[in-house]
Amino acid sequence: MQFFFEVLIGGLLSGVLYSLVALGFVLIYKASGVFNFAQGAMVFFAALTFVGFQEVLPGWLGLEPGSAVVFWLAFVLALASMVVLGLLTERVVLRPLVNQPHITLFMATIGLTFLVEGIAQGIWGANVRGLDLGIVDEPIEWLMDRSGILVSKFDLFAAAAAGVLVTSLALFFQYTRIGRALRAVADDHQAALSIGIPLQHIWGIVWGVAGFVALVAGMIWGARNGVQFALTFTALKALPVLILGGFTSVPGAIVGGLIIGASEKLAEVYIGPMVGGGIESWFPYMLALAFLLVRPEGLFGERHIDRV
Amino acid sequence: MSAVMTAEAPVAEGRRIGEVILDLQGISLSFGGVKALTNISFNVREHEIRSIIGPNGAGKSSMLNVINGVYHPQEGQIHFHGSRRQKMDPHQAAAQGIARTFQNIALFKGMSVLDNIMTGRSLKMKCGLLRHALYWGPAQREEIAHRRKVEEIIDFLEIQSIRKTPVGRLPYGLQKRVELGRALAAEPSMLLLDEPMAGMNVEEKQDMCRFILDVNDQFGTTIVLIEHDMGVVMDISDRVVVLDYGKKIGDGTPDEVKNNPDVIAAYLGASH
Amino acid sequence: MLYREAGQFKTSYSADQQIFPILQDRYGYWVILAIFGVLVPMLASAYWLKAILIPVLIFSLAAIGLNILTGYAGQLSLGSAAFMAVGAFGAYNFRLRIDGLPFLVALILGGLAAAAVGVLFGLPSLRIKGFYLAVATLAAQFFIVWVLVKFPWFSNNASSGVITAQDVVILGYHFDGPQAKYVLTLAVVAALALAAKNLVRTATGRSWMAVRDMDVAAEVIGIRPMRAKLLAFAVSSFYCGVAGALYAYTYLGTVEPEGFNLDLSFRILFMIIIGGVGSIMGSFLGSAFIVLLPILLDNVVPAIFGNALGAGFASNLQLIVFGGLIIFFLIVEPHGLARLWQIGKEKLRLWPFPH
Amino acid sequence: MAEPLKAVEPELDTFPRLLLQHARVRPQRPAMREKEYGIWQTLTWADVAAEVRAIACGLATLGFKRGDRLAIIGDNRPRLYCTVAACQCLGGIPVMLYQDAVAEEMAYVLQDAEVKFAVVEDQEQVDKMLEVKDQSATLEHVIYDDPRGLRHYTQAFLLGLAELQEMGRIHDRNQADFLDGEIAKGSSDDISVMLYTSGTTGKPKGVCQTHRAFIAAARGGIQFDRLTEAEDILSYLPMAWVGDHLFSFAQAMVAGFTINCPESGETVMTDLREIGPTYYFAPPRVFENLLTQVMIRMEDASRIKRAIFHKYLDVARRCGADILDGKPVGLGDRIQYWLGNLLVFGPLKNVLGLSRIRVAYTAGAAIGPDLFRFYRSLGVNLKQLYGQTETCAYVCLQPDGQIKLDSVGVPAPAVDVKLAENGEILVRGPMLLKAYYRRPDATAESINAEGYFMTGDAGFFDEDGHLKIIDRAKDVGKLVDGSMFAPNYIENKLKFFQYIKEAVCFGNGREGVTAFINIDLEAVGNWAERRGMAYAGYTDLASQSAVYELMRECVGQVNEDLATDPKMRGSQVQRFLVLHKELDADDGELTRTRKVRRNFIAEKYAVLIEALYAGRASQRIETQVKYEDGRTGVVAADLRIEDARTVGLDPLKQAA
C-alpha cells in the first residue's frame, strides 16, 4: 500500500509537469483557436535559453557563476526571448493563416516545432545540460518519518510552483480587463472586438503568457531531467492530457495532467512487468483514445452541437 | 382541417397530386432544453409542392432536418410511405429517396461541378474499392453510365459552360443551382429545398423557380420548400404550412394561409 | 506554350475521363516513365539508385498513403511510420512463416496487415475529428513501435527487434543489384500510384472528398461517412504498409522498429504538405523534395561556410529549413508543389495570355 | 473570265443523292458532331442518312407532299440540318427562319411562303408558333426537337421530332422503297431551299435556290480552295443565313466534311478551341472582338511577356503575310518569324482555336485592313468573299497567295461578273436564284434581259482583275466633273482609324468631297490622356486643335490612299470638320443598326455643309439633342473647318 502511494504521488507530481505544458496549449487554444503543437518545443526552447544565458552571462558581464543575479538575469532574458518568440509566431505564422482551416494551422505549428527546435539548438548547441534551481532532490524527512512514504522536496516545490502559476493565471483571467477580454475572445471574436481591445493585442498577450508558462515548465522539467532534446517528446504527453481535460479548460489541463501522470506510473509499475515494460511510452495515448470514445469532448470541454 | 384544404388544392394539368406520403405527427425537438419545434403535425402528398414558411428562427430548417434524419425529434411519429419510421440517419433517408439542399450552400468546395453532382449518384453506384482501383472494366462502365445521367442534369439546369469549374469559384446563384443538381442526381422521390432562392437576383430567382416547377412536373418529384420570397411561395406552392417560434400557426392553400389572422399577425409582428 | 489543344475534342466519355485528357500530357507521361524506367537504371550510379531514387519512390508511396487519408479524406494522421512498420514486419513474418510465399504476395499481405491495424486505429475517427484524431494516431505510432520492440516473436527473436529482410525473388529471378531493386520498386510504386489515381477519380475518391469537404452534406446524399473514413484508413495504411515492406526489402535490407519513429511520420507529413495535399503527383514531388533537400544542404552548406560550423549545425539547419518551409508553404501555397506545377501548366496552356 | 467548273456526275445532282452517296462511300466518316452532354456526340454519314430517312418518312406519314414548304427554326443542331435534307428528299422546300426573330416576323414569312410544316428547336420556338398559328392559315404541323417543358402542350398539331422519326421508321419498314422513289423523282432544277433576304428595304423576300445552284456554288468553293472530306467546320452562324447554308450544309454535303455544332451560345469560344476547325467562317465583327479580347487579355500579362508578344507581332506585321502568300522573304525574317511562331503565334492561334485553319473566310461587311492583316500575319489564311443570298453567297473569292486587303478577290469558278454603266456589279452563273418566291415583279427587277443579276453594289476591277466593292450602287454619285463619288467607300476608309467613330461624306453634284467626322471618345480620350491634355467631354475634346491635327493626319492618309487609285483620286476629302456632338440614333441621325442616315444629316446640318463649301474657317451651330432620360437640350458650338492634305488636287473654289 505504501508503495502504491509512493508511485501515485510520484506520478501525480510528474503529472504536474504535463499540466504545465498543457496549460500553455489551453491558453492559446482558448484565445485563438490554434492547437499549438509547438508548445513542447517552446518549453524546450525556454529551458535551453535559460540555461544558455546562465552559462554565457558570467563570461559576458564578469559575474559570479551560479549567483542569484545571474539566475534572475537569465530568467528575465529567457522570458523576454519567449515573449519575442511568441509575438513573432503570432505575427509571422498565425496572422497570415487567419481564417484558414484549423487543420492547416495545426500543421503550421508542427512546422513551427521543427523551426523552434532547430533555432534553439542552433544557438545554444545540442549538448545535454544540467539545470540547478537550488532545490535538492531529496525525500521530505518529516513525511518519510511519519508515514514511510518517499516524497521528493523537489517534486513538492514543482507542485507548489504549478499551483501558484495556475492560481495567478486564474486571478489574471478573472480580475483584469485583459483577462476578461481573453475570455471573451475564447467565446466569441466579435464580442471581444466590442470590448475595445484589438484582437491582435490579445493574441500577442496570450502568446506572451504561454511563453511564460513554457519557461516555468521548462525550468522545472530541466532541473529534474536535464535540458535535452528528449524534453520535446515528453512534452507530447501533454496531448493526451488535453484530450482528457478538454482543449478549453484550465482546470481540465490540471486534472488531466494529474490523471495522466498518476495512471502512467501506476500502469508502468503494475501492468508493465506483465508485458515487458516500457508502456509509459504509449499508455497515456491509449488511455486518451479509450477516453475519447466514451466522452469525445473531454472531462471539462463543452459539448458541441453541429447546426446544419 | 387539412383534408378540406387539399380537396381544393390546385391540380396542375397532367400532374396528379396523390396520397399522403409523408405524415408527421406531434413532432417536438429540443436542443439541451431549448425547444426548436413543439408538437408539429402536417403531411405531404405525393407530387405536391409543399412550402414551409415563417419568420427567422421559426424552426423551418429544423423541420427539414427532422424529415431527412439529421435531427431526431424527442417526440412524435413520422410515417413515410405508410410505414412508421424509426430513428434513422440521413443516408438511410437518402436511400429511401429523400434528397435536399441546404440553406447555407453545402457543396464540396474542393471538387468540380461535375464531381459534385456525381456524388449525388453515390447510392446508385455499386462498384467496390478493387474495381475502382483497377478502373478499366466495370468501374469505367459505371462511371460513364452515371456521367451520362449527370450530364442530363447539367443540361437540365443549363450549367454546361461550368461543368468542369471548381464550385468554389462560382458565383452564389450558380452554386445554388449546382446544389440542386447534386440533389437531383439521386433521382429522389422527395426533394427538400432550404431557401433555394435566398440571395438571388430576380433573374436567377426566375430560373430557379422554373427549375423547381420543371422538376416537380417532369419527374413528379414531391417538393418540400422553405422560402422567404412570399411571391414565389404563393405562386408555386400547392399547400403551405406556417411556423412561428417552433409552433405551427397555419396550414392550407396559399390563399387560405394569406387570409389566416394568426399568420398575418406573425408576419406583421415580424416585420416591425 | 507547348500545348496544342485545338482539335483535341472528345467524342466519348472514356476519352474525356482519361487521367491525362490532353495529348501533350500523355506524351509527357510516357516520356517520364521511359526515362525513369529505362534510361535511369541504365545510366544512374549505384549511389543514386540506392540512396536517392529508391527511397524517393518508397516515400512517395507512403506519401500517397497519407495523402489518401489526409489530403482526400481530410483525416490528419501522425502515425504513418507505424503503419509502414506493420507492413515491413508483416511482410517479413509472412515470408518467414509461410514457406515459398511469393514475394509480391507477401508484399500485399504486409499491406493488408497494415490496413487491418489502420482500421483499428481509425475507429476513433468515427467520433472525433481534427486534432483529437491526430492525437489518437499518435497512440498508434507509439503503441505499434513498442509492440514490435517488446514482442520478439515479430522479429524472429532478434535482439531489439532488428530484422534482416530475406532475398527478393520473383519467378526465380533474384533482385539483388541496385538496378533490379530500383526497377522492382518503380514497378510496384507506379502500379499502386495508378491504382490510387483511379481510386480518387471514381466514386470512392469522391466519397472521401465529400466527407472531407462537408460531412453532413455527404451523409445526406447517401454516403456513409463512417464507411468512407474507415476505408480511407484502410487504403492509406495499405499503401504505407507496402511502402514499409519495400523500405525493408529494396531499400535498407535491415530495419528495426525504432526506425519507424515519429520523426519519420512527420517527414511523410511534410512530404504531402510541401508536395501538395490532395494530389497523387504532389506525393512524388514532396518525397523527392524532402529526400533531396538534406543532401543538398549537406553539400551546399560546407561549400559556402566551410567546416567551421560543425556537424551539429547541419542537422539543426535541416530542422530550421524544414520547419520554415512547412510554414512558408502553408501560408503561400497550401497546395504545395503540385499546385505550383499546375499553375505552371495552366500558364503554358494559356500562353501567351496570363489567364 | 473565271475558270470553268468541273463536270457534275449526273447522279449526284441533288442533295439527297449526295447524302446517299456519302452514306455509301464513307459511311463511318463523321458527318455531324454536336457538343451535347459534355462530349462531341458524333453522327456518321450512315447515321445521318438513317436520321434523314426516318424524318422524311415521318413527314410523309403526316402528309407532306412534293413542293410543300417546311419552316426550320432553331440554333444549329444536327437534327435540324437533317430535317433540311429530309425535306429535300420528299421534294419539299425547306424555308429557313432566323431563330431570334420575334413572332410577328415569323408570321410574315410563314404566310408569305405558305408554310405547311414547321420543325422547330424547342419550347421557345413552339411558343412563337402557337402565337402566330392563327395568322398562318397554311401551317398544319409544328414539330419540335427538344421536348423539354412541352409535356403539357396538348395541341393536336404539335409533335416531337423523335415521335415523328418513330412514325417514319414504321412507314419505312412498310414501304421500304418509298423514299428511294421520292429521291429518284427529284430534279436538280427543283428548289432546294428558300432563304429570306434580310430586307433592309421593304418586306423580306424569299429567295428560291435550286439544287443545281447551291451544288454549283458549293463545288466552286471546294474546287477553289481544294477542300476535302477531312475538313472540320464550326457551325454557329444562323442556319437561315445564306453563308451557313452554303458552308455548313451545301459544301459539307458536296465535299463530305464534318460540321460541328456548339453546345450553346455561351460556349462557342470554348467549343471553337476544342474543335479547332480547319475551315472557318466569321463576319468581321467576330474577328474584331477576338482581336480586342486578345489585346485586353495581354494587357494583364507580365512586362516580359508583353514585350515578347509585341516584338514578334512586329515581326509578323513585317513579313507574316508575305510568308503566308509564299512571297520571297529574307532568311533573317524567316528565322525571326519561326521563333515568333514558336513563342507567340502558334500558342496564340491555338488558344483561340485557329491553329488548324486551312481556309477562313470573312464577308458581310468591310473588314478593316489592320484587322485583316493581323490574322493573315499570324499565319491564319483569312480571306474575303463576296456574294449575296441571291447568288448562294458566292460571286468572288480571294485566291490563296493573291490577297489584296481592299478587294474581294476574283470571280469564282463558273461565275460571270461584269460592271454596268453606273458601276453596278452584275453577275451571272449557275448559282443564281431561280426566282423570288411569288414576287415575279421583284425577280424581273433584279435579273436583266441578259440573265445578269443586278447586285445593287457598285465596284470596279483593278488591274489584276480583282473586284473592289465601293458602295451601294444607289448611293454612288458623281462630282461636277463627272468622276465617281462613293461616300461609303471613303467613310469606311476613315472609320478604319480607331480615332474615328463615324464619318459622313458629301460631294454628289459638287466640285469636291467634304466630310463630317465624329471622333471616338474612348480612343481619342486615351490618346489625349497619354499626352496630358485636359478636356471636358466630347464637345470640348472635339474642338481642340491637337485633335484637329490628328484628324487632319487621318484624312490625309485616306487621301493618299485614294490618290493611288485613278478612279478615286477625285474623291479625296478636301475639307472636313469635327462634329460637336456624337451622331445618335435617338436624334434620328443613325438607324437603329447604326448606319448613317445621310440625307437626314445633310438636311439637319445644311448650314455646316454650306460653310464647308463656302470656304469659311468656322461656323456656329446650335443643335437640339435628346438625353438618355428623355429630356431635350441644346448643344451649341463654333465649329472649325479645316482643309485637308490632298495629293494632286486643286483646292475647292472659295466661291459660294
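The chains carry the letters A, B, C and D, assigned in the order they are written, with residues numbered from 1 in each.
We take it that a residue touches a chain if its C-beta (ideal position, glycine included) is under 8 Å from a C-beta of that chain, and two chains touch if they have at least 3 such contacts.
Predicted model only: the values in this text are computed from it and were never measured.
Least step count on the touch graph, subunit A to subunit D: 2. Each of A-C and B-D has its own count of C-beta contacts, and the greater count is at A-C.
Centroid to centroid, with C-alpha atoms defining each point, subunit A and subunit C lie 33 Å apart. As a whole-number value, the distance joining the C-alpha centres of subunit B and subunit D reads 49 Å. The mean-CA centres of subunit B and subunit C are about 42 angstrom from one another, to the nearest whole unit.
Annotation for subunit B: residues 70, 102, 106, 147-148 touch two or more other chains.
Shown for subunit C are the residues that touch two or more other chains, namely 13, 216.
Chain contacts: subunit A has residues 308 touching two or more partner chains. Contact residues on subunit C toward subunit D in their complex (touch as defined above): 1, 3-13, 15-16, 349-355. Here subunit A touches subunit C in the complex through residues 35, 92-93, 96-97, 100, 102-104, 106-108, 110-119, 121-122, 125-126, 233, 236, 239-240, 242-243, 247, 275-279, 281-282, 285-286, 288-289, 292-293, 296, 306, 308, going by the rule given at the top. Of all residues in subunit B, only 68, 70, 89-91, 93-95, 99-100, 102, 106-111, 115, 118-120, 122-123, 125, 127, 129, 132-135, 139-140, 142-144, 147-148, 182-183, 185-186 touch subunit C in the complex they form.
By the touch rule above, subunit C contacts subunit B in their complex via residues 13-14, 17, 195-196, 198-199, 201-207, 209-210, 212-214, 216-224, 231, 235, 278.
Taken together, the subunit D residues at the contact with subunit C in this complex read 33, 38-42, 232, 260, 273-276, 294, 297-298, 300-302, 305, 308-309, 343-344, 346-356.
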